[in-house]
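The structures considered in this document are given below.
Below, chain A partners chain B and then partners chain C, in two separate complexes.
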Partner chain A sequence: MGSVILDQLKRDRILDLLKEGKRVDGRALEEQRQLSIETGVIPKANGSARVKLANTEVITGVKIQPDKPFPDLGDKGILICTAEILPLADPNVEPGPPTEDVIELARVVDRGIRETEMIDLHQLVLKENKSVIGLFIDSSIINADGNLFDACSYASVAAILSCTVPKYEIKDEAPVLVEGVTSKAPVQTLPVSVTMARIGDYIVVDPTTEEEACMDSRITITTNSEGNICALQKGGSNGFTVDQLVRCSEIALSVGTKIRKRLEQLMQDGKE
Partner chain B sequence: MTQLMTEDGIRCDGRRVDELRNISIKVGVLKNADGSAYIEFGKNKILAGIFGPRDVHPKHMANQDTGILRCRYHMSPFSVTERKNPAPSRREIEISKVIKEALQPALILKDFPRTVIDVFVEVLQADGGSRCAALDAAAVALADAGIPMRDLVSACAAGKVADRIVLDVNNEEDQEGQADMPVAMMPNVGKITLMQLDGILTPEEYKTCLQTAIGGCKRVYEIQRKALMEKYFQNGEQ
Partner chain C sequence: MMDVKRRYVIPGDIIVTGPLRAEQNVYQDGDRIIATSVGISEIYENAVRVIPLTGTYIPKTNDLVIGKVVGTSPLSWEFDINSPFIGFLPAQDVFGRDYSPTKDELRQRLNIGDLVAARVANFDRSRDPLLTVQDRDLGKIESGELVEISPSKVPRLIGKRGSMIQTIEMATKAMITIGQNGWIVISCEDPEGLLKAIEAVKMVDALAHTPNLTERVKSMLGVPEGEYNDTIND
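Now for the complex of A and B:
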């Protein structure tokens, strides 16, 4: 992330191609890379998914366990999304505490799922203010080639759709697992994030590492099934004009619709 | 739950939908810093201090071709209702990053290769919209430090409360409202350099909200400008 040193020549070449409406890998400006979604890849997790956006690859697992609610949110279950770029995912990644890029990544993925209200957290309460069910959605990037935001977001959503929630009951003030009874996660809407990079005056969807290294700025917009805009994050060390921001919201809605169809399929059939 | 808006559109702190909180900015409040500012933005009380351009430590961070910008947004343990752990949280690290990226386009860092400009922001009291207020103070402090800039950076949030788009979301509205959209821009260049959104907006509301926030940024800009004039043009010179 941002660690690839790209000389001016490469940026010039990318810009020259963009002027002709082309990209280095032959895609159209608003075209995503090949997306593959596979669920149930980690049977020990309550839900899991492996998502590939061409060479960007993520495995997400959902673990579900009873927990204490947050003090000010006693009527809601817990939802926490994290993300980690594993050292095996990129030669430039070193083990150690998370960098600001990784923290931003995890928080943007979390915000997309939280702010769209994908999961009805009120349904995860066992005893108000005392005991709730927690959904922990952890993404591990195993190969990094740009646009980790969308890859983690799709993998997290797919893992939630595939998960089975165990049943807990309160006995003597403590949550107890009820064997053999599970349910689907209480899903209300399908968040889809779309990340775009601005390179010069051009907006490209789903940037690769190469494109991210020479982009001016970046934006991730998450929409819900009702066609609303629910979460947004601008990144990168330059800005956008108002017209570009409006255009980006339109792209996020149109590209998002296609991805959402695939996720809906996944929700109905349990697999694609 | 507190009522966020009365039927005639008066908000919980008595403001109309298009009204900013009271803002006051004081320039040059820290003796040791190269540039500094103190902002009161509603109940937010925030200090910003600038050091640099100066030598980069650790050395490997230095760039031969350009200066670099670092930013630390930090909340004092006593700044919020429940004591905040003084160690930097993930939220603070993210905000530090977006503030840095919001300021960077305005700075002409190419003029100072191999150096760093450090921006330190301390939130002494927080009241919703602290990242915008922090940015407003940091931009003024950078100007006070004499760093060459293309434009100031002005920030203000808009949001959706009780089904209406409102300017400058306060703490209660942030907690219980429907959407919060912090925006920062270079007002003369016309570029948006920070934008985030939490909450649900229709595409139409998204556009209105963005325009409302931009209107707020422009009003904040006038206050920033006035604060700088007060320090540097006290004798009525222009």
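Now for the complex of A and C:
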């Protein structure tokens, strides 16, 4: 990723259209692509979701198992998000150790879920400092067409909402599975990330690969259900002005509200 | 047209048995002619070939290709030509024989991301293809829109004796440069004509394996019945 070289004609066209307030795919500047969220796509996982943002497609699975807590966080359960771009997802991706972009992707998704305190990690403790429940949230990018941050974030949140947490009890200092008893994940709020790209003086929401290839800088803002900004990541070699940042946070809230409604629906019905 | 037998084949299918000449994407085993790729087999004029449904672009000497500059070395440009092979354009080809890496700056002529119409000067599969822009209508492409289609559909887009491409060009007043590598640059003064031409090219890409395509493209473009019929129907 990141090595996409956009041809000059396309770049000129994107810039020309932006001057008229248009985008190559006909969207408004602050419009997201068609989003579809589907849960329960992996029967053997504790929770799973498939998210499509037009051509970008992500499958996320949640694995829940007891584990030792981190030494400095003995009163909290474990939450780990990872991401992987499959070589088939993009011509520029090769198999092998994750690149910087993929590590950033996983960390931005992780931070969004962690810093909004979506899951009450205290409820995942079986025995303080000894044994806790761990949530391992793994996202696989099936097809990459820009804005993997939001796609992975929505998929991870949807997968957590859909997951059933098995019950564990401590017997002889070790966690033992209680058969047939499950519960929902202890969700407190719904994080929604919104990624924006700055191309010249224009801010576009949900950039495609082509737009990412000619953007100056990028920002991902994650908000919680109360409308607070909880996590933020800036990317790209350029910056934002203060006014642009304020504008971005407003967009993150207004666009985020629409996405959150869909996730709330998902939480209530178990499906959209 | 002579008697043409068309059939969908997969690799390993025996297309025909008999004293026929093996052409593209087939091989001869005794007197059997066997397909080597997924596509439509054609038997015509004592020859057999398979028109592939998919496939990458393998350069051929003299092909016109559209390339995108992806890098430079002191003596040449490197091109993405939508192929497993990288195209090379030597600096001398643009600067002339007195090119000197110390004096001339390659990126001032062609920068990363620029699109170029070039011809494959030499290629033998053991070395990367050598490109040239020393010909009429070759060189940097300054305007237009790039459309990507499958390289195996390029012959269909051109049509018999250029019938398909002529139809599209005449109906939309667009200028279309077709690279054999499946990259096509369409330019048109009229934005509506441009959109129509792009749509037509994409339609050919999607429906390349179906019969009567020229007629369907014509009706999509709103060409009246019987117009441009001096070209041969397919």
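Definition applied: the second predicted complex is superposed on the first by the 271 of 272 C-alpha atoms of A that agree within 3 Å, B and C clash if a C-alpha of one lies under 4 Å from a C-alpha of the other, contacts with A are read in each partner's own complex, and residues count from 1 in each chain.
Going forward, contacts are C-beta pairs under 8 Å (C-beta built on N, C-alpha and C of every residue); 3 or more make two chains touch, one makes a residue touch a chain.
Worth saying up front: this structure is predicted, and the values here are computed from it rather than measured.
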{"item": "Combined model on chain A where chain B meets chain C, clash or fit", "value": "fit"}
{"item": "Contacts of A:Arg11 with chain B and chain C, given as first, second, both or neither", "value": "second"}
{"item": "Spatial angle chain C-chain A-chain B, Cα centroids [nearest 10 degrees]", "value": "100"}
{"item": "Contacts of A:Thr241 with chain B and chain C, given as first, second, both or neither", "value": "first"}
{"item": "Contacts of A:Asn224 with chain B and chain C, given as first, second, both or neither", "value": "first"}
{"item": "Chain B or chain C, by number of chain A residues touched", "value": "B"}
{"item": "Contacts of A:Leu232 with chain B and chain C, given as first, second, both or neither", "value": "first"}
{"item": "Touched partner set for A:Arg111, first chain B, second chain C, both or neither", "value": "first"}
{"item": "Contacts of A:Arg50 with chain B and chain C, given as first, second, both or neither", "value": "neither"}
{"item": "CA minimum distance (chain B, chain C), superposed complexes, angstrom", "value": "5"}
{"item": "Set of chain A residues, in rising order, touched by both chain B and chain C", "value": "none"}
{"item": "Contact footprint of chain A on chain C as seen in their complex", "value": "68, 70, 80, 111-115, 141, 143-146, 185"}
{"item": "Chain C-facing residues of chain A, complex", "value": "5-11, 13"}
{"item": "Touching residues (chain side chain B, partner chain A) in the complex", "value": "90-91, 93-94, 96-98, 100-101, 104-105, 181, 185-186, 190-203, 206-207, 210-211, 214"}
{"item": "Complex interface listing, chain A residues touching chain B", "value": "100-101, 103-104, 106-107, 111, 115-117, 217, 219, 224, 227-242, 245-246, 249-250, 253"}
